[in-house]
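Below you'll find the structure, written out as structure tokens, and then a few comments.
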Amino acid sequence: MTPTVVVTLRCTDQRGIVKTVADTVFEVHGNIVDSAQFWDRPSDSFSLRMEIQVDEGSIATLESSLIANLAEFSPNISVRPIARLRRALILATTADHCLRELLYLAQAGELSADIAGIVSNHGVLQPIAEQFDVPFFHVPVAPNSKPLAEARLDEIVTETDADFLVLARYMQVLSDEFCARHPGRIINIHHSFLPGFKGAKPYHQAYDRGVKLIGATAHYVTADLDEGPIIEQDVVRVGHHHSADQLVSIGRDVERRVLARAVRLHAEDRVFPNGMRTVVFDS
Amino acid sequence: MTPTVVVTLRCTDQRGIVKTVADTVFEVHGNIVDSAQFWDRPSDSFSLRMEIQVDEGSIATLESSLIANLAEFSPNISVRPIARLRRALILATTADHCLRELLYLAQAGELSADIAGIVSNHGVLQPIAEQFDVPFFHVPVAPNSKPLAEARLDEIVTETDADFLVLARYMQVLSDEFCARHPGRIINIHHSFLPGFKGAKPYHQAYDRGVKLIGATAHYVTADLDEGPIIEQDVVRVGHHHSADQLVSIGRDVERRVLARAVRLHAEDRVFPNGMRTVVFDS
Amino acid sequence: MTPTVVVTLRCTDQRGIVKTVADTVFEVHGNIVDSAQFWDRPSDSFSLRMEIQVDEGSIATLESSLIANLAEFSPNISVRPIARLRRALILATTADHCLRELLYLAQAGELSADIAGIVSNHGVLQPIAEQFDVPFFHVPVAPNSKPLAEARLDEIVTETDADFLVLARYMQVLSDEFCARHPGRIINIHHSFLPGFKGAKPYHQAYDRGVKLIGATAHYVTADLDEGPIIEQDVVRVGHHHSADQLVSIGRDVERRVLARAVRLHAEDRVFPNGMRTVVFDS
Amino acid sequence: MTPTVVVTLRCTDQRGIVKTVADTVFEVHGNIVDSAQFWDRPSDSFSLRMEIQVDEGSIATLESSLIANLAEFSPNISVRPIARLRRALILATTADHCLRELLYLAQAGELSADIAGIVSNHGVLQPIAEQFDVPFFHVPVAPNSKPLAEARLDEIVTETDADFLVLARYMQVLSDEFCARHPGRIINIHHSFLPGFKGAKPYHQAYDRGVKLIGATAHYVTADLDEGPIIEQDVVRVGHHHSADQLVSIGRDVERRVLARAVRLHAEDRVFPNGMRTVVFDS
């Protein structure tokens, strides 16, 4: 069967980009089977995602030709055979609901990602890693050891050949330096519907405020910003009869679903950070 | 056909309330056809809503007996034949999307409320009032005339026999005194999903922040609070391809649906303010 | 400001289509500002929708060049300046909830369509037409007069310059001949979530079955088929406490929202019928 | 801490039931902390669910007094300390998505049920049972061995002290006799939004029909009926770009969520079968 490759491209909008891509695909006898593009007028940036069927032997040519032919547009280009799954390194602390969801979906073949490993600053999640036969890395973080811990994290990223990091209720703040070393490659789940309740215990704040919906937000982590570009959000209806503790439980359910969806979208190269916003070509 | 009455009751929780209500309904040969109750533990307050079938001639007895038998619990009690619709006075400025929704639903018999009249500080909505054959009151508000305008509002409430007020994108801030005179009887639609973007142009703020959901919140207006107890909220999924102006348009659609639902819930005596929270017995 | 045109194209999938379109847009100095395409593998059909900014004076050239350059692909092509709204002729009987929704949205500028007129086999909706200042055509249908009535309908389509027809709870069955004369141009709202309850009183059937969700389906009307290609569907959560009559009322609310969304999608050239399926490029 | 008990009651509607219950709770110095009731007019049946705080030592008295005092109404009464979780026996074949969801939620304390064991007619799920430390029973079913297999099932129900059975994609049809022996105690997940596509491969049928929403239905299994009373349903939005296989994958996601919700509602004594309908007192 002819393989499918995912091509993504990001650049300033200019006339002729799509034409050049189409020409190039034509040259290598490829066939565009899915295509989504978006011109963001305020930022004048252009995002393109294509799925292209092309002979195994022509994939390298497709990539080099795209780079050569599009050089004048100075784009970011990525070419990935769809069968080569992106690899996620999961960071967690002690809560396991998001972690389990990701492990389950990866095992079921519904995450579009491989789990490269699990990192935790505690040891309690190790049995789950063993249950799912995934490498576990215990990286403690003490008040003064953050630089060391992050250096170890960088090593693990390399060792496990991870493409991106997922903070699955990881209760440590990453340094700006670490974030800057992995731009657009760290996904976090925020236990609130942003913009929402800031600070600790957002579900208890939500309870006190008497909200009728609670939600969660998956976003990229960036160095300079409290909360980076949003990838996915969702909410669930709640009522007066839910206690603050029940909101926490309902919140866990939303969190794991929202994070899993964001990870899948990212792993399928469907998310394009664009300043504080993202372009998401939903499947 | 035996009429149905809606009984609502609000008091501090004490043993024996439900028993006393059940005894009283039994005495007047009434039949409880729907019942919802809620004990809010943090505030120790008890809310009860019942629909009771009782002979026309026994409605007055039911009310007086409930008041007498429950006196020791010091409750707020309301007894209303379901056929006597609550009357809404709508306040608007120039935007007509919420107003039209309410007029349409009332005319279609799906709002559970009668429209007592429309008040606006502008004249542009008068033709709509005429279209729907509803009294229109032009009450201009100048920088120094707010007390006069609010005095006129109070008169209109009396003249039109209105039970509650609906701020359907009414762009005037009501004074604390006015709000205090109508506690739990003023419903506002907030063009954001609270807690959300504060200040002007929330949809443009939402656009800049790249949110994936936008929403609206219907709440009671209270004197002391920026944003009173929430009655109803909802959200709609949006994406990168929506411009800020499209978010405004989508927002209008959510606003009118959320406000209409809140008005119906209130008109059916299903909403019990409870501090900053509300108990809502959904239908 | 440079005008935007909507280009749609439908043909059997062949290599080179996108390239040819991109070349053509490039020739007339146009700029692709939005693009969506879909190759349906089972039917091997290709659908493309583009929004292109192009000088007023080049629109005609764009159209003729697309037709000439793409001739080998035998496509269906449509080129429409976005500012020239498609015109909807609404057919109704006596129920007014869908009709009012469409009139309201069109008036508010949120339907992306102009209302060309209202046709009814009864006279009761005439005052609404007058309220909204839209031409009203009373076309009675007696058992033997259907051919005459449909001939009159065809005349009205021509007179009002309507692009498509909307059956807004129109309780007459259109003949196969009439449907065949207006392929992909008649939209119906089905008061059920298809595949669902067939026959009369679907909400009462839904009640008897105890379903927890009820819905509505907007679809194209086709000559040979009971139920043509689906454009849009939605559902609402219901419960044991809703009577069959309440389901009817809730159903009306879903119906009008689903129909309005389908009309807007169609009017924006976002819907491509594809056998029993549709390709819908959501906004 | 004072324990909470869940009381449920089902009978023909008669005047005085609520009063009698309230009197009885009062006698044992209990406190009603949550109450939901419903009179189904078409069937004239009455359902009541209460959560009552009562001293440990008075639970038995509460139960015996309710039975004695309500005898004239011939109700079905259940009294269960909330801390004594209902026990679910899960039946599966080879698909594991629903099974894993239930195991995960039970382990996380969010299912309100204990997993008594897993039964399968295949052996492939045994490792999952071991992962989660739950008893596994391999009960093969051959064309002629169904009576034997069902006899073994009955034994397992007894051995594991199971309160109810969950068919988590169990691909065997249970006999009418077996179903009749466990009325209102077998929950199935139907891989379609009922009423929907009958027969094999519903998602492929859904694909062919071009539906825009797919869903799943959790229902009780009954002897005489193809599809018993519905407990819970949900849908997910899909589009033209989803292949039939993708619908299957999306469907699995809905199935597991809908089944898990139904199991939790049942385990919390919130579901009252009522002919073909159910009364569900949502939390």
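Observations on the structure shown:
We just call them A, B, C and D in the order they show up, numbering each chain from 1.
The definition used in the following text is that a residue touches a chain if its C-beta (ideal position, glycine included) is under 8 Å from a C-beta of that chain, and two chains touch if they have at least 3 such contacts.
Bear in mind the structure is a predicted one, so any value in this text is a computation, not a measurement.
Listed by label, the chains that touch subunit A and also subunit C are B, D. Chain centres here are C-alpha means, and the one lying farthest from subunit A is B. The pair with more inter-chain C-beta contacts, choosing from A-B and B-D, is A-B. As a whole-number value, the distance joining the C-alpha centres of subunit B and subunit D reads 37 Å.
The mean-CA centres of subunit A and subunit B are about 42 angstrom from one another, to the nearest whole unit. Residue positions of subunit D touching 2 or more other chains: 34, 38, 41, 241. Contacts from subunit B toward subunit D in the complex involve residues 15-16, 18-19, 22-23, 25-26, 29, 31-39, 41. Touching subunit A in their complex are the following residues of subunit B: 38, 40-41, 193-197, 208-213, 215, 229-235, 239-241, 243, 274-280, 282.
The part of subunit B that touches subunit C in the complex is made up of residues 34, 96-97, 100, 104, 108, 110, 131, 241-242, 246, 249, 252-253, 283.
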